[in-house]
Amino acid sequence: MTLTDYATACLLILGGIFFLAGTVGLLRFPDVYTRLHALTKADNVGLGFIMAGLVLQAESWLAAGKLLLIWLLVLFASASVSYLIARRALNKGIRIWM
Amino acid sequence: MSHAFAYALVGAGLFLLGLYALVAYAHLLRKILALNIMGSGVFLVLVALAKRTGDAEPDPVPHAMVITGIVVAVSATALALALMLKVSGKTGQAVLPGRHQD
Amino acid sequence: MEAILANADWGVIVILLPLTGGIVCFLWPAVSKTAGLITVAAVVLAVAGLGRQIMEHGAYRHTVGGWGAPLGIDLFADGLSLFMLIMTALVGLGISCYAKSYFNPRDAVWFWPVWLFLLAALNALFLAADIFNLYVTLELTGLAAVTLTALTGRIDALSSAMRYLLAMLAGSLAYLLGVALLYHDSGSVDIATLAQRIEPNATVWAALGLMSAGLALKTALFPLSFWLPPAHASAPAPVSALLSALVVKASFYILLRLWLELFADFAEGVSTLLGLLGAAAILWGSLQALRQTRIKLLVAYSTVAQIGYLFLVYPLASASSGLAAGIAAYLAFSHALAKSAMFLAAGNLMRFGGHDRIADLDRAVQRLPLTVSAFALAGVSIMGLPPSGGFTGKWLLLDAAMSQGRWDLAAVMIIGGLLAAGYIFKVLGYAFMQAKEPHDARAVPAGMEWAALLLAVGSILLGLMASEIFALIHPDLVANAGGAVERVWTA
Amino acid sequence: MIQALYFALALFLLLNLCAGLWRILRGPTTADRMLAAQLFGTTVVAMLLLLAQASGNPVLRDVALVFALLAAVTAVAFVQRAWPEEKESEHDLN
Amino acid sequence: MDVIVVLEWAFDAVLGLGLLWLAWRTLNSPDLFKAIVLFISFGLLMALAWVRLNAPDIALAEAAIGAGLTGALLLAALARLRTTTDNTMPAQLPAGSWFQRGLLIVLLSGSAAGLGYAVWILPSHTSGLSMAVTANLDVSGARNPVTAVLLNFRGYDTMLEMIVLLLAVLGIWSLGGLPPRPERPAVAVLDTFSRFLIPVFILAAAYLLWVGADAPGGAFQAGSVLGAAGVLLLLSGWRPGVRLMQWPLRLALTIGAITFIILGVLTLLYEQQLLAYPVAQAGRMIILLESLATVSIAVTLAILFLGESPDPEEKK
């Protein structure tokens, strides 16, 4: 278990924790908007940590680049989709939890 | 090796689950979902049993069959959905008329 | 020129021609009617060419892609498939001539490409020697048939097309699961290779059960025939003729082919069950037909009954499966000719009276002599009166039943014939009488009447020329249990 | 050892996904159900990358790429097409 | 390391049970929208199952079609369904009496036992046709065995599949006008989102098509990804110009099938066998077939999502 393996292990576990946080947030939060927040948190940071861990293990620059591209795509997609859902939810009258 | 048999049994289970729902429920959208699940079950059986080649590469022939099967299934689903919309457009209900009398 | 014609690869041409025709009709809607007719005529000639080759050199085998049986796909045509190809071509030609003047321009644009793809699918199905390829052609036939059924856009057509599509997809998936089990049991999907490697174990029994159930559902065998009458009755007349005469026979042909080459020697239980269901279909279908008040529903239930006759072949085939296949093919051909003539005649009567209620046909005999005589001639063949093709087929079946001492099946056949006479004469009776409120007659194009009459005369001629036709489906030409055929000629 | 961690994490994410299913079942508003489906898309991308590393098969990264691309299409279809017109029923506003 | 074996077994167990449980919940959940979302999640788990069964080609196809298209199709259909049906009929109404359903359950569990036993007694180690495929792989013109089987060994099946796709489009167009679609004003973010993402889709599809000869990928996967791009375009309000909708669209729909037929006729004339590619040009022919098939599949899947016939004259 070299140094990079340890680093990868830590990053992966951190990513896992954030995914757990996202799911717990999804289950526990009271209304759509807060769940949206929890969900994007899981996407961006959780996946980001897992990506960082795997980039260390990647066998070539091409693979590392592909991992980064995947992460950017997920970031871009989840940001736009959360905005769209929130906007539609708001003008459909789902009240914000006070 | 028995991974293959586990997934094959899951596939057979999906096929029978879908068959039950296809016959038991009246709503057309549910029947279409049931057909999709039956299709996934059959494809799972095909591919799972192709993995009985030990650690060598699995048998590519069922894989080719399943790829064409997936594309055919989605086009049949699209036709079924269009037909369902026409039926519900004309009769006001997404259910096969006369299904309940007989 | 003669040499090129002699050894041209007719089997492949019979499939590619309607495919190209269908694509041309789709790309060029304006020219679809003429292109459709030319293609169907060309297919008839191609089938004739294939027929001549098979008669001279024996069974036809074409290895697609040059890879050979287990890896690649083979096209194979013996006497049985040639017989079915001739049936499809001739009945298809008659129906195409009828459809030329039946459809309004907006429906014709969709009818012709889909009908040509259906013709290509049927030809590919009768030539296929690979069970997964049979699944693909079944799917193609089913989708085309459903599209044609829903062509009129009326409520009953749409809902029966929906029920037909669901039944068709479920049947195909059951068949595909059977293919999966057979492939994973013996490592090949080619029928000839399977025939050598199969030995009766639980997997093959499960596959046999699944495939028979799926194909019985698609052939509308009695308990699974809930979808056929509404679909065949509500479709436009030429389409219901196509469905009853050809599409239903396709899945029957596959079941016969599989039973003939793979499951014949260890499937006694299944054959008695199929025979039982066939007998029940004859009785139930004929009784239902008697109760109908609309011609098209009556003729559709008559299809359910006549399919029962086809399934009687299984229990009686213990003597020699080659002969049994010949009888089944002959019965299928005579039913195809007679039933398509009936549906076309029913279409004429609907065009003439604006409805197809049997009670008020209103002197149809005086005003539509050709159509009613076509219906009558077709009725003769359905009832099985000499000299029609139906009579010869049923007589051979009756003879086989009596020689094997199956008095129960013989009795069912005779009762079926009487009931058939019942519902045919019911329609003909009303055709002579005057309806309660007489209505003016709308003109029926001559081409449509002559198409119906020619098909009906064909079913009678089939009976008269029985001996030459049987030379085609001679036992030594039909692939028997071992998958071997005495005279094989590899293209 | 690191191989075991990949599989352990993949299993953990799969259990995460199953837990998220509960939100689909209970989710009062249709938006909640769609959210859960969106989270599953990302979780599957993460699992695919872990399995790619665990089984040493780089092709799974292409699968993850396609998933990342397509996760949004279903959600957009939901937003643009499938959101029912009528006001969300009363129990949605908890 | 037996830890890995245990973890793999745990993963497969959770995945298998998850699939069965999701399928059961999808089929009898009272609310149809919940059923569709559960079905979309079922598609995601199926993609994982394909990955576990070492079938990356199918995982790609399932990802592109399951995540991209089937979900969007079902959601669009549900939206249109709501505009036509008065939801008096509860979606949960089973057909037939409880006795019939009880009989059905008994029958199905019996056949489940039979089917399970039939699968269980299959030989545990067999290679099926993989030996024959690897033996002929270098002659087939493609190094990826699945592409070789799809385009060369069983190319005839694929030709008929292209016709099946064409028939589905013909079926939908012949049905004529579908009930009106709830049209939403396009959102600014959605425009920038799709405008940025479409080039990435096209790039990914080109990559999948090119890599298909040697690694998992190929016509069906690339076509599905492009089809999903088309769906995204249609969702963000883009409609093809009317002039484009006449014969150019029909040509695009049939280009795949036409190439198959032309190649079939050529090989029939020169090699005496249908679709028997000469070894030298086999690779080039497969690439040609794949790229044109990708175009047809993509346009077909997008048109399937669009629904009604784009031709201006409407059916009754």
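In order of appearance the chains are A, B, C, D and E, and numbering begins at 1 in each one.
One rule holds in what follows: a contact is a pair of C-beta atoms (placed from the backbone, for glycine too) under 8 Å apart; a residue touches a chain by one contact, two chains touch by 3 or more.
Predicted model only: the values in this text are computed from it and were never measured.
Separation of chain A from chain B in touch steps, taking the shortest path, is 2. Number of steps on the shortest path from chain B to chain E, with steps defined by chain touch: 1.
Of the two chain pairs examined here, B-C and A-E, it is B-C that is joined by more C-beta pairs in contact. Taking each chain's centre as the mean of its C-alpha atoms, the one that lies farthest from the centre of chain C is A. Chain centres here are Cα means. That of chain B falls 22 Å from that of chain D. Centre-to-centre spacing of chain C and chain E amounts to 31 Å, using the average Cα coordinate of each chain. Distance between chain centres (mean CA atoms), chain A to chain C: 58 Å.
Inter-chain spacing, taken between the CA centroids of chain A and chain D, is 11 Å.
Chain D has residues 34, 36, 65, 69, 71-72, 76, 78-79, 83 in contact with two or more other chains. In chain B, the residues that touch at least two other chains are 12, 15, 19, 45, 49-50, 52, 61-62, 65, 68, 72, 76, 79, 83-84, 86. Shown for chain C are the residues in touch with two or more other chains, namely 132, 136, 139, 143, 146-147, 150, 153, 158, 181, 183-184. Applying the touch definition to all chain combinations yields A-D, A-E, B-C, B-E, C-E, D-E. Within the complex formed with chain D, the chain A residues making contact are 1, 5, 8-9, 12-13, 15-16, 19-20, 22-23, 26-27, 30-32, 35-36, 39, 42-43, 46-47, 50-51, 54, 57, 59, 63, 66-67, 69-70, 73-74, 77-78, 80-81, 84-85, 88-89, 92-95, 97. On chain E, the positions that touch chain D within their shared complex are 1, 3-4, 7-8, 10-11, 14-15, 18, 22, 25, 29, 33-34, 36-38, 40-41, 44, 47-48, 51-52, 56, 59-60, 63-64, 67-69, 71-72, 75-76, 78-79, 82, 181-182, 184, 190, 193-194, 197, 200-201, 204, 207-208, 211, 215-217, 221, 225, 228, 231-232, 235-236.
Chain D makes touch with chain A in their complex at residues 1-2, 5-6, 9, 12-13, 16, 19-20, 22-23, 29, 31-32, 34-36, 38-39, 42-43, 45-46, 49-50, 53, 58, 61, 64-65, 68-69, 71-72, 75-76, 78-79, 83, 87-88, 92-94. Against chain E, in their complex, chain D makes its touches with residues 3-4, 7-8, 10-11, 14-15, 17-18, 21, 24-25, 30, 33-34, 36-37, 40-41, 44, 47-48, 51, 57, 59-60, 62-63, 65-67, 69-74, 76-85. Listed in rising order, the residues of chain E touching chain C in the complex are 114-115, 117-119, 121-122, 126-129, 132-133, 136, 152-157, 160-161, 163-164, 166-168, 170-171, 173-176, 247, 250-251, 253-254, 257-258, 261, 264-265, 268, 271-277, 313, 315-316.
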